[in-house]
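Both complexes below contain chain A, partnered by chain B and then by chain C.
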Partner chain A sequence: MDQSSTSALLQGAVRDLATGVASALASGGHDPVGGDTTVTVGTGSHTLAAVRVLGADLLLPHVLFGTPVDPDTAALFRKAVDAYPPRADAAPTVVWSHWAMARTLRRLDPGPLAGESGAEPDAGWLHDAPWQVLTHQLAVLAPLALPDEDHAVARAARRRPVDVARGFVRAVRRRDWVQAAGAGRWLTLLDGVPDTLGLEAGLVFTELMGGGDPRVALQVGAARRVRAGALV
Partner chain B sequence: MPSIEETLEEVTEIQNAEIEAVLNPLECDGVFRDSRRCAALALQCGTGQTLLSPPTPRPKKA
Partner chain C sequence: MTDPRLVHTVGVRAMEWLWDHRDGFRLEPDVDPEVGFLERFKPIGELASICRVLFREGVAGSRQAELARRLLDHAWRETLDGGRMLVRGQRTEPVSPIPFEVYLPFKELGYSQPEVERAALLNHRLDSWNFLEVRPTRLLGLSAFQRRFGLTPRTPEAEALNATWLAHTPEPWTADGHIGYDITHAVFHLTDWGEHPDGLPEHIADYLATWLPVWIDDWLDLRRWDLLGELLVVDACLPRPTLDQRAWEGFAAAQQPDGAMPAVGAIPEGEPDAVFDIVYHPTLVAAFASVLGTSRALTELAHSPA
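For the complex of A and B:
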């Protein structure tokens, strides 16, 4: 199987997972059958890799609504954390993504993690990043955007709310809906966001234009839940 | 012939490289179209705030 078709399969698996998470967020934990916010995870060949790519957001409904994680999903999540540690030369976003997964696992399914010290990675690359780069990187690390989090990436975002707001508008103008949605999720957590931004309207617009992409629906849904104070 | 373990290790390494590429994406190229439609949709969102005002028109060629 060539690399392009492998990438397409992986992206497809990620979108499937994102669809489940977006649906669980939209249901608000009030599923009429069992009140369950568990995302149905398939068993395809790229499922484990897709779990690693979606990262901490796979368990976001459980984080926001305080619902228990079913053992099979927790085991798969843990397996993804163990199977795909960042390589030695990994980019900061890769390292932080893995850290976020390990942190979520400690929160929801405490247990030993091989090779995980829990220490925060370095976030120096964000400190003097141009606002365009800052916003793009924050959007990639949107799974870290949770209320009351105090880690280096969140602190970098809190220091520059106007820059993130500018980046949000830029993403919308460029029709980069995934970046806009991720930036919008961060903006719901930040103080000092200009009122003139019209964040709520911007999120609605982003969802209208990009909601066919489940990753966009996931981030916009997360932003709405965070604004509504869903965190338990 | 490589062992099953070697093959699995190679597959995992390839997947890890692919995963890391997805988790460290380059910013996609911007697509600027239909600024008027964008602005109209923004206004329809209900607040009337012009988040997406159209760009300054290009000067017409003489």
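For the complex of A and C:
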């Protein structure tokens, strides 16, 4: 099998997982604990890699609604964390998304993790990043955008709400709906976002234009839950 | 902040191109009435407005200032035939505001044509002239021009402003190219083409300071040089201009060796007059942005610690 078809299969598997998470978020409704927050995880050959790509958001409904994770999903998630440790030269977003998965696991399914100290990675690369880069990196790390979280990436975002808002506008204008939705999720958590941004309408617009992509639907759904003050 | 020399050089080269291509500022007295004799006046009014900015800011070098003066004289004496073409245009379309709009910057620079002034005074009294159905930013401009001429605007500027897009500080992610020009023109009229930056209401200045960097970033990457140039003018009209280095470097790099600035992408090929009609505006805008940007950069330098 050539590389492009492998990549297409992986992307397909990521979309399948994202569809499940988006649907679970949407079905939380007014009674989140009673809602169906179980994400159906397949057993295809690319599933493990897809779990790593989607990252901590796979378990987002359980984090937000406080529902238990079924053992199979927990085992798969744990396996993905163990199977793809960041290399020494990994990009900061890779290191942080791995850290986010390990942290989610500790929260929902405590147990030993190989080589995990739980120590927070460095976020210095975000401090002086131009607003375009800052927003792009935050959107990649959207699984870290959760209420009442305090870590270096969240602090970097909180310091620069106007810059993240600018990045949201940039992403919308460039029709990068995945980035717009991820940035929008961060913005729902930040104080000091300019009112003139029109964030709520902007998220609806992002969903309308890009919601056919389940990764967009997932992030917009997450933003809505975060804004509504879902349980943590 | 961008090196003031880079900003300045863009304007010097633009003025050289405008001088070399001064015959492109031409009228077509025998044009098809469906097109309209007044259609070709707009570039001349824009030329006068921008040369006026150049004299006012006082940052042009001697060569640039001399070219601007000679261009104005050429436009007034040759193209407008000492203002008589404005009279002819007004007689062709009596309630058109175009002759008045073109005349005002010339009058402010010391040129005079009494019959155009008499027509302006009459038109100011006419409901027809004052309720012409034009875009809100143009209505704002007409009110500002009436004030500059010494008349009380029939539509108060605050009321005219309220009909513009910018006055309502809308969702910044909705701005498209047409809205982009509505934004820039509202700012030009509110500040009298950069002369009075404090003419921007505070909430509009705040709004622009927040979102202008995004629009500049975007239209730079889209190589929309004409609109980018106008946005760089807007930046120079703000209380704290950014004189964004990446944008200015991209803008300067788009300028051709002969000083021409493409409107979008690259310089088009074709008949000289056709190319002029596409290129004159972004090149004028480049001169405008350069003068205001240089002026603001020098002000910043004067106020920064040695």
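Some observations on this one:
Quick note on the criterion: the second predicted complex is superposed on the first by the 225 of 232 C-alpha atoms of A that agree within 3 Å, B and C clash if a C-alpha of one lies under 4 Å from a C-alpha of the other, contacts with A are read in each partner's own complex, and residues count from 1 in each chain.
Simple rule for what comes next: a contact is a pair of C-beta atoms (placed from the backbone, for glycine too) under 8 Å apart; a residue touches a chain by one contact, two chains touch by 3 or more.
Every value quoted in this text rests on a predicted model; they were computed, and no experiment measured them.
When both complexes are overlaid on chain A, the residue A:Ala91 reaches chain B alone and has no touch with chain C. Between chain B and chain C, more residues of chain A are touched by B.
Look at A:Val162: by the touch rule set out above, it reaches chain C but stays clear of chain B. In the superposed pair of complexes, A:Trp131 makes contact with chain C only, with no contact to chain B. By the touch criterion defined above, A:Ala201 lies against chain B and chain C together after alignment on the C-alpha atoms of chain A. Legend: residue contacts after superposition of the two complexes on their common chain; A:Leu10 is shown touching chain B, with no touch to chain C. Overlap of the chain B and chain C interfaces on chain A: residues 132, 169, 172-174, 196-198, 201-202, 205.
Residues of chain B that touch chain A in their complex: 12, 14-20, 22-25, 27-28, 30-33, 38, 41-42, 45-47, 49, 51-52.
Taken together, the chain A residues at the contact with chain C in this complex read 131-132, 162, 165-166, 168-170, 172-174, 194, 196-198, 201-202, 205.
Contacts from chain C toward chain A in the complex involve residues 169-173, 175, 207, 210-211, 213-214, 217-218.
Residues 3, 6-7, 10-11, 14, 49, 52-53, 55, 83-84, 86-87, 90-91, 93-94, 97, 132, 136, 140, 169, 172-176, 179, 196-198, 200-202, 204-205, 208-209 of chain A are the ones that touch chain B when the two sit in their complex.
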